[in-house]
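Note that the chains take the letters A, B and C in the order they are written out, and that residue 1 is the start of every chain.
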Amino acid sequence: MLTSVRSTGLAGIASAAVITAATLVAVFGPLLAPYNSDLPNLSLAWIGPGGGHLLGFDVQGRDVLSRLLVGARTSMLGPLVVVIVSVITGVGFAVVAAWRRGTADAVISSGLDILFAFPGILLAVLATAIFGAGLPAAAIALSIAYMPYVARVLRGAALRERSQPYVTALEVQGASASSICLRHLVPNILPLIVAQATILFGYAMVDLAAISFLGLGVQPPKPDWGVMISENQTGIVQGYPLPALTAGLCIVAVVIAFNVLGERLFERAQAERG
Amino acid sequence: MSEPAAASTTAAPAQAGPAAPLLEVDGLTVRLTVKGAKRPVLRDVSLTIRPGEALGLVGESGSGKSMTARAIDRLLPRGAEVDGSIRYDGHDVAALSGTGLRQYRNQVAMIFQDPRAHTNPVRRIGDFMTEALRTNLGVHAAEANRRALEMLEQVGIGGGTRRLRQHPHELSGGMLQRVMIATALLTEPRLLLADEPTTALDVTTQSEVMAILDDLRREFGLAMLFITHDLELAAAICDRTAVMYAGQIVEVRSSALLHDDPLHPYTAALAAARPDISRTAARLLAIPGRPLSAFEAPAAECAFAPRCGYAQDACLAALPDLVELDGGMSRCVRVRELRGRLGTSDG
Amino acid sequence: MAEINGAPVLEAAGLRKEFGDLVAVDDVSLRVRPARSLAIVGESGSGKTTIARMIVGLERPTSGTISACGHDRSRPARSLRDRRRRGREVQIVFQDPYTSLDPRQTAEDAIDEVLRLHHGGSDQRRRERTAELIDLVGLDARQSRSLPRTLSGGQRQRVAIARALAAEPRILILDESVAALDVSIQAQVLNLLADIRDETGVSYVLISHDLAVVRQLADEVLVLYRGRVVESGSTARVLDDPQDSYTRRLRASVPRPGWKPIRSVSAGTEQEASNQ
């Protein structure tokens, strides 16, 4: 894994560093936060940086930096869940479709195409209506929305592997379909899966932030970056842009990092294939 | 058959011969950058082809035979380091550019092993065939089509204008390769570089295509560099045959003498390793080890020595030079003493 | 699995395979006796690869019967156990050494996987057997621990052969298994195959377009043209004295010293693009 990252060049390494930092913050955020991130104090609202508060106060008088550090948790966790669920189900469908080909493939592909037609936001609204607003509903909705995309990309690669003579040799030996798929097919498309997952993380983060911004995902007063943008948006026009912008910048930085690393890994996976 | 005069590796074409060489490759050494390291793929390759002459170039994997053709056609990958010279009709090929290069490409045509990989599947045969004529030589579309049809007849493809409107996938491999040959001949080249043109074809189709190539070559007085891994095939249709190993020429010989009186142990071993269609051998005379590429071969010894049945200490002392002998050449220090002992005695 | 001396290990009768309108194999019958080898010779479109695939179970015959070691295999295997049993009867080595091995598996792991599939046994026993097979195909311990990408084409084919032999099949189908190898390596592998046959008594079904290879390795030969058998018999007889015109043409097309290429078919009679 480390050699993969190292070989992606300076941009790749920088991105990996950003991602590592964000992950550490997500894990240790509450311990790192200098001040309480939840207690409102309206008399301090909108006060700028100074006196130990590096980024000032937000709309409810809470320390912005502390909220960013604690908010990293849900901001990173949400996309993680989305990526794990969509990739596992996507790989599953892709491999089954590629292995069985014929009718099974046609049915699965058509099903995926139908699912493709539903934009993530729409599904999020639907999920909210059914399950109530909050991160779980948003994460499930997005997983369903992303799954066909993952499956489609991986189906091509899985088909290519499936038609390789070494797979045929194992079939002739009498190895079971599941053992061939799990021990041979999936490991050989793993670089592509990892690359896809990395890119997807970035997209999931943006989509979840948007969903939270709309009030359908993480609910205020939780310190999620998307929620922070929503809560503090009035500050932008009033002359106190820092809270909303810093939250936005966090999202942008992490998303770019995931995109860049993912693209590099993708290129490498393609090159290896060729 | 009279033995053509010994091929000279120096610039002065002083030997007797009907014409000055059409193609002269002298001391060609090519290095490619692979994963940051510079690796040699061709080492000191020299050969000459006279107008109308067919030279076979035979070798196994890593021998450098394809790379030689690509170097001659200026198709080396970017970043390739080239030493030595390639002269066509007296001109330095490496120095050509613009109009000169275009003229060179008209005069030196190349046919590849896999015609499908070198044709655009969405273009029609007619468009593809006449492109060079229309673009490079400014011939009118109608005239270009007429010539294309004529050439298709020559290679044995009838069907008139209907053919010109077909797409590559509508033709079998053998027919497509014949189209490629016809296309190559449309610009009236003087030298044909054929890189394993029949390797991917059935053996009966191969025979067909080789016969066409042979006929047309004689009719148009074309010179040809014919690259193949098949020693018998090269010897059957080429006047002379050169054998390559590990990026070097190890033997050049008149094809008629190649089988019965080879000058290099590798040539003899290669011929002996082939199974014989007319008998079952108790055991094939396999060459131990495996063929080396130029970059794997040691720089200061005979590259074939570790696998050679005649190797001695002298073979590991220095890189053998190409020695002229009896109209041929051999890169073996023991060539004189092994003379006559290498050929197969039975037919 | 005792068999009556002389009873064929592989037998097929009236094999036919249609792909839509195309008849790829038309009424082909063959028989292979224990420790004997049969070659199926033909060019592209002859149906030889389809026959191999039907024998090994990758294609289902449209009609006709196939049986190996006395068990019928004209229809696909119905259970995993059945498929595995068939794997112990007939195995196959493919043409391309670069795609017939899992790039992520070492040679010994590939062989071990097959051993576990068929013969179980303790770890120790499997390790010993793996070492035996590696030795049988002429590889050393270092190569057996190597990944395919560090092995040459010839070495990879040896691994493929070892893997196929791990199942201890009675019949080994060699589907153009030496066609992609350099001449000097091809000779080594042909010698190896002859040695293996002597040592294990396996029967080869050699699919090839190369008549010289066929002469070297096969006792009997079937010549196919466009899905039909045009000639059959002992390899020596068929190649030295071909009766059928296609066989004669095939024989005459092989380059040899003194050979001149023949131009027999005229314009347009060459078959248009088939499933190439």
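Convention: contacts are C-beta pairs under 8 Å (C-beta built on N, C-alpha and C of every residue); 3 or more make two chains touch, one makes a residue touch a chain.
Remember, predicted model here, so these are calculated numbers, not experimental data.
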With contacts counted as C-beta pairs, which pair of chains has the highest total? B-C
Let me spell it out: compute each chain's centre from its C-alpha atoms, then which one is farthest from chain C's centre? A
Using Cα averages as centroids, what's the distance between chain A and chain B in whole Å? 55
Based only on mean CA positions, could you tell me how far chain B sits from chain C in angstrom? 32
Whole-angstrom distance, CA centroid of chain A to CA centroid of chain C, is 49
Give the list of chain C residues in touch with chain A in this complex. 56-58, 80, 83-88, 90-92, 94, 96, 99-105, 113-114, 117-118, 160, 163-164, 167
Which residues of chain A touch chain C once you look at their complex with the stated criterion? 164-166, 168-176, 183-184, 187-188
Residue numbers on chain C that touch chain B, as the complex places them: 43-44, 152-154, 182-188, 190-191, 194, 209-213, 215-216, 235-236, 239-240, 249-268, 270-274, 276
Which of the residues in chain B end up touching chain C in this complex? 60-61, 153, 156-159, 169-175, 202-208, 210-212, 214-215, 229-233, 235-237, 259-260, 269-270, 273-281, 283-288, 290-291, 347
